[in-house]
Amino acid sequence: MATVPMDVRKVARCREIAAEIADDVQGYIDAHTTVGVERTILRAYGAEGVDDQGVPLVNLAVDRYREAGLLGRGIATYVGRALLGGATTLQDAAERVAFSPELDRGEGGPGVDAVREALRPHTEAALARIDKARNEREALKRRIAPGPTPQKYVIVATGNIYDDAVQAKAAAAAGADIVAVIRATAQSLLDYVPHGPTTEGYGGTFATQDNFRIIRRAVDEASEECGRYIQQTNYSSGLCMAEIAWMAAVERLDMLLNDAMYGILFRDINMCRTFVDQYVSRRFVARAGIVINTGEDNYLTTADAVEKAHTVLSSQFINEAFARRAGLREGQMGLGHAYEIDPWLEDSFLLEIAQAQLVRQIFDRHPIKWMPPTKHKTGDIFFAHVHDAMFDLVGVTTKQSIELLGMFSEAIQNPLLMDRYLALKATRYVFGAARHLGEEIQFKPDGIVARRAVQVLDEALALLEEVRRDTIWEAIAHGAFADVKRTRTGGKGYAGVLERDPDYCNPLLAALEKTS
Amino acid sequence: MATVPMDVRKVARCREIAAEIADDVQGYIDAHTTVGVERTILRAYGAEGVDDQGVPLVNLAVDRYREAGLLGRGIATYVGRALLGGATTLQDAAERVAFSPELDRGEGGPGVDAVREALRPHTEAALARIDKARNEREALKRRIAPGPTPQKYVIVATGNIYDDAVQAKAAAAAGADIVAVIRATAQSLLDYVPHGPTTEGYGGTFATQDNFRIIRRAVDEASEECGRYIQQTNYSSGLCMAEIAWMAAVERLDMLLNDAMYGILFRDINMCRTFVDQYVSRRFVARAGIVINTGEDNYLTTADAVEKAHTVLSSQFINEAFARRAGLREGQMGLGHAYEIDPWLEDSFLLEIAQAQLVRQIFDRHPIKWMPPTKHKTGDIFFAHVHDAMFDLVGVTTKQSIELLGMFSEAIQNPLLMDRYLALKATRYVFGAARHLGEEIQFKPDGIVARRAVQVLDEALALLEEVRRDTIWEAIAHGAFADVKRTRTGGKGYAGVLERDPDYCNPLLAALEKTS
Amino acid sequence: MHPTSPAKPLRAYGDREGDGMVQLSFVLQLPPSARAREAAKRFAEAHGIEEPIVATMEAAAEGFAFFVVYGHSKHAVDAASIDVPEVRTEALSREDIEHRIKTRLGRKIVVVGACTGSDAHTVGIDAILNYKGYAGDKGLESYKGFEAYNLGAQVENDQLAARARALKADAILVSQVITQRNCHKENGRALVELLEREGWRKDVIVLFGGPRVDHKLGLELGFDAGFGPGTKPSDVASYLVEQLCSRPASVP
Amino acid sequence: MHPTSPAKPLRAYGDREGDGMVQLSFVLQLPPSARAREAAKRFAEAHGIEEPIVATMEAAAEGFAFFVVYGHSKHAVDAASIDVPEVRTEALSREDIEHRIKTRLGRKIVVVGACTGSDAHTVGIDAILNYKGYAGDKGLESYKGFEAYNLGAQVENDQLAARARALKADAILVSQVITQRNCHKENGRALVELLEREGWRKDVIVLFGGPRVDHKLGLELGFDAGFGPGTKPSDVASYLVEQLCSRPASVP
């Protein structure tokens, strides 16, 4: 087996430190909520609909109470009180919260216990809805087995959900195991989730609940036709990461791009906001049995992949620690990393192998997500295709779990039908032709690969120690990850973060927290 | 180091058997000559020119004596006698041989010793001409060092020598180390060498002495411009293999495709003819310091590359034995093999590595020639490019010496400028990115790669034993190589084979034979 | 051929129906520069490619730039109206083939094949004729109902014709792999003309095959059929059976 | 521009001058068949590609065939007559740049840059502005003569304009990487219009950059210059110095 030296004590040490880093943040998370979290709870209880401007009911309700300075007690408080106050259904209660002439200032009337009691059947129904989707997935996967690992993950992104459905099926027919619909460029900064099936979007197609359903249907058909369970994924990221997580849970998505820090670093979303949102999103993800894909691959697009390789590893430990605190099992943690070293660097292939294998060994029970070269891609599609093939070879040799296929048109446009077909074909070749290469070879004990693996782990440990010393809030402010600096109160969406009142009420979240 | 198990006793045994196989043939060779050999001798003495039909003087002279049944004494006999009979120069003598009103029946007049004596200065001049070119090459290579191995070999083939020169320089600028001008489809069956610079040819450009010179000049310029010695190669193959070898020797080509059996198997040239011709061609090659490239790669285009891998290895032992008998040093023996396994076969990449590494280890002092996939190429140029990249990776990992770059347009046409550029670029990437991969890895002692290597050597040994038992004449008749069957007296050019007279005279060949 | 299907002009399909996306790559004899990039753009536009993106411009050699261009082709083809001759062969099983030859022809079908001219590529004709066959499908030699003669490569047309005549061949199979400057077409046409000159063209089925061959080309050159890449021996066997064994064998 | 060079129409160069060889690949919404192959051929011909060879036809998905076609393009471009604006920057050394700013301008050049709209790609603008720079060439921040403000990504045009005005910027640097449906052009043009509306367009140098940008596009959209792939910070510095420090600094 092609293993690299790995000092298990150092790994354990990294985990301990990451745990301390996450615990520090967890204290903050447990004392706060956000507009996104509260909207998610409303949605999960079944509230739906938009007003004539297209503003979702959940936004109207939550914004109303936030503006009134009342959201610290949790939107559930007001929904429960509306139910107790005579609302016939949960939807009715939500509408009263949003539109009732009088604001419920929460003074007098039923207390927290009564509210919880009133919500109990709805809380159970909300959980049941998630569980139903999960059970369906599991049953389907028992009937139609997924393809072997590395699983081939491709992206569709026409902007039009109906075209996306065509492309998704085409991709499955050409050999894809996982289909992602890329989101429109602007979506992650929207503080609401668009509604309905959408047919326009720059750089991708909006993530909406209807769109999830449309792709789910197409991909289920493809599973039947191909005799291989095809997985669907999307992004639980941005200002609505928790809402999208819930939508994905009930629409039976299989995976989600979901990272504890991506929004902070790459979308300039406020840290406090992101930390709280990621936690709640992951509570839903955990319950739904969805596999997350973290975004450490992105670090290597802004920072150098050789110099900053260890930042990926440190961040994976932190993402793991956060995920654990949200109840995710290791089998759900698709930690991300990438093949982003300058291809013209001598022995770059060896360095890539070292990192890929190290990550594989450290996170041996995790469905690792392996990302292709992007940054060094140019418009030379022929060269790019070869570059991707070498990436494929590392993927199969080091036994990555989920492999996002490189696209030779990466530097030009979202992939065309032809690009995906050719990527799938080339990958099928490399995976087959080198199927057992990983079992066949060993690395020289003190060679380039081995030394590199040792170095990256050492550096990751050192960085984790620094981050713990400074706290992650400060570390991010100093540019510890991705060469990007963000401040604690800067960035988008900070206004949507609220301290929880002492009588904060969120029975659904509490139920999810009990699960783990 | 990525080595495969190799039983040195078996290898030694293979060499012994191959020696016996070659010795058997060498007996035949030493007792025969051919029209091609005799023309070569005339050329080497400096005879040149064509008649008004374009028929070379050397053909006129040799054919005249062959038709008269007098060639068994060697054309040198008549040239020497013409000199002694008053010819003022060697050219004059050759012209007399070709055109003198009276045929010299060799009766009476000066005997063999006198002839040899008369030819001595010419023999020395012929050798000096070859040595001069060799010395020039060596001086040039000392001044301008060649690139590192695997050396990147590309083909140009416009049909027009002047365009070829442009392409050759372009290829060098794009990173090529070795440039081959592919010959026109029909040339190897021509029983004469065309004359002058040529501008028309199907599938390639004729190999003529002027064409050699034109490319040499272009490639020398490229060497200066690129600061890297660029090597030139062509084919010493077909009915004129010996003549071309001589032309290449004096025009300072660096390499030649030259195989003991290719013409038999792939051009249906008579065996007797080929065996004699290859020997003499290699005597010139040996003296000239040219590196030959043998053609075992071709076997895998007609036979299956998995089932018949061992035939390549057996044939390499035989080619080596023949080459040794012609005075070639191991450093001149570029034994050929190829990446021709069906890419869709599981673990095909492992089988390719096994064979490549085995050949590399067995022929460890030989400049092994590594040929790209061709047979399984289709018109999908994108896939083909990836297929070639995997081949490149095996090349650099197993440290092949000379690597002919795969072309993604292989199934379509002779390579275009763009195809070569892209091949060179991709290869540069793979060679650099995996520069030290071979030093880094080891193969599992009893794994797929190791077992395959053992199997191929075992099968090669068994085949060699069979060939020895049957003699190579019979073995070829049964289809031992390339799944092609040829009979001893069948095929083209048999009429050009002659038994040597007891007083056969060939002082130049004798001098070449003394060298080793 | 499909008279009912409406004429629907097809554009290239990149990501959405009708977007016309195509990829064009080429070399121009210009060093890379802003001017060369513009030249590449205009070159693409001349082909009817709209909004071309010059994805890359690289120095492929001194004085030569290599380009990859993407853009929206404005062209469309009306696929429904295209009438392409296709070899109409019902794929028969080995048993069917043997059975029909036996019962309807009552003797072996004699075929003579070669790769002609200076072309030395035997793999294709071997795949059709020799026992081993192609992709698991055994060659004509493997059928009891066929008598197959494979003359190999580099066979001149007159030799092939003479041999076929001597053997009273039912069919002549010509393979052409080298296609440089259309030499395959010339070689193919020359054989048909030779047979015509010799006056027995219509007494024999003549098949043309190779990687750049299709049925249409075969017909154009005067053959009875053309076979391209991926042809299986059983396709050829089925075709010949259909042509030669259409009626039950006339009782001798 | 090169009035002396004769107009020589350039064809694509495959293997020989004038052969016109190009490679075209595309997908048609047709399953592979003889008809589809013919459709691909005609599609290629519609582009002016003669003697097209359909090198491959593969099922890229149900009902979709992928094609690679080679052929001889009949089109030519007259490269000599193409007049492309190029940024005329004499590449200055770091010393020269610093020296000229000091001696001729006598104060720092203030630049404000951002990646605008919903575009979150900072790498390009960072490469130009930040200390680290690009491919070993340090960014404007590293010069004593520059005062560089990098507002990062997802910056709205009005924010950028306001900030630049507040800082009395000499130059505004706009990066646009997302180009889907030409949103980069819209975003770029909108900024220029905003500056015009605000009445200070001519008081500031406005530069446009990104992977799909060239000088020509920059000018078209109303910028002073456009910079494309591979731009180095020193190119931008040289350009700005040339624009702002053409005369010795007026003594205050």
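Order of writing sets the labels: A, B, C and D. Residues in every chain begin at 1.
By our rule, a residue touches a chain if its C-beta (ideal position, glycine included) is under 8 Å from a C-beta of that chain, and two chains touch if they have at least 3 such contacts.
Source: prediction; values computed, not measured.
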Farthest chain from chain C, going by mean C-alpha coordinates, please. A
Quick check: more C-beta contact pairs at B-D or at A-D? A-D
Between chain B and chain D, what distance separates the C-alpha centroids? Give it in angstrom. 51
Separation of the C-alpha centres, chain A versus chain D, in whole Å, is 33
Averaging only over C-alpha atoms, locate the centres of chain A and chain B and give their separation in whole Å. 60
The distance between the C-alpha centres of chain C and chain D, rounded to whole Å, is 45
Scan chain B for residues touching two or more other chains and write them down. 378, 380-382, 411, 413-414, 416-418, 422
For chain C, which residues are shared contacts with two or more other chains? 13-14, 17, 21, 23, 25-27, 53, 58, 64
Chain C partner contacts - residues on chain A that touch it in the complex: 157-158, 160, 163, 167, 378-382, 409, 411-418
Which residues of chain C touch chain A once you look at their complex with the stated criterion? 13-17, 21, 23, 25, 53-56, 58, 68, 70
In the complex, chain A residues that touch chain D: 159, 169-171, 173-174, 185-186, 189, 202-203, 266-268, 301-302, 375, 378, 411, 413-414, 416-418, 421-422, 483
In the complex, the residues of chain B that touch chain A are 2, 343-350, 380-383, 385-390, 393, 408, 422, 425-426, 429-430, 432-437, 439-444, 447-449
If we count contacts the way the header does, which residues on chain C are in touch with chain D in the complex? 1, 10, 12-14, 17, 21-30, 33-39, 42-43, 46-49, 53, 64, 73, 75-77, 79, 82, 84-86, 212, 214-216
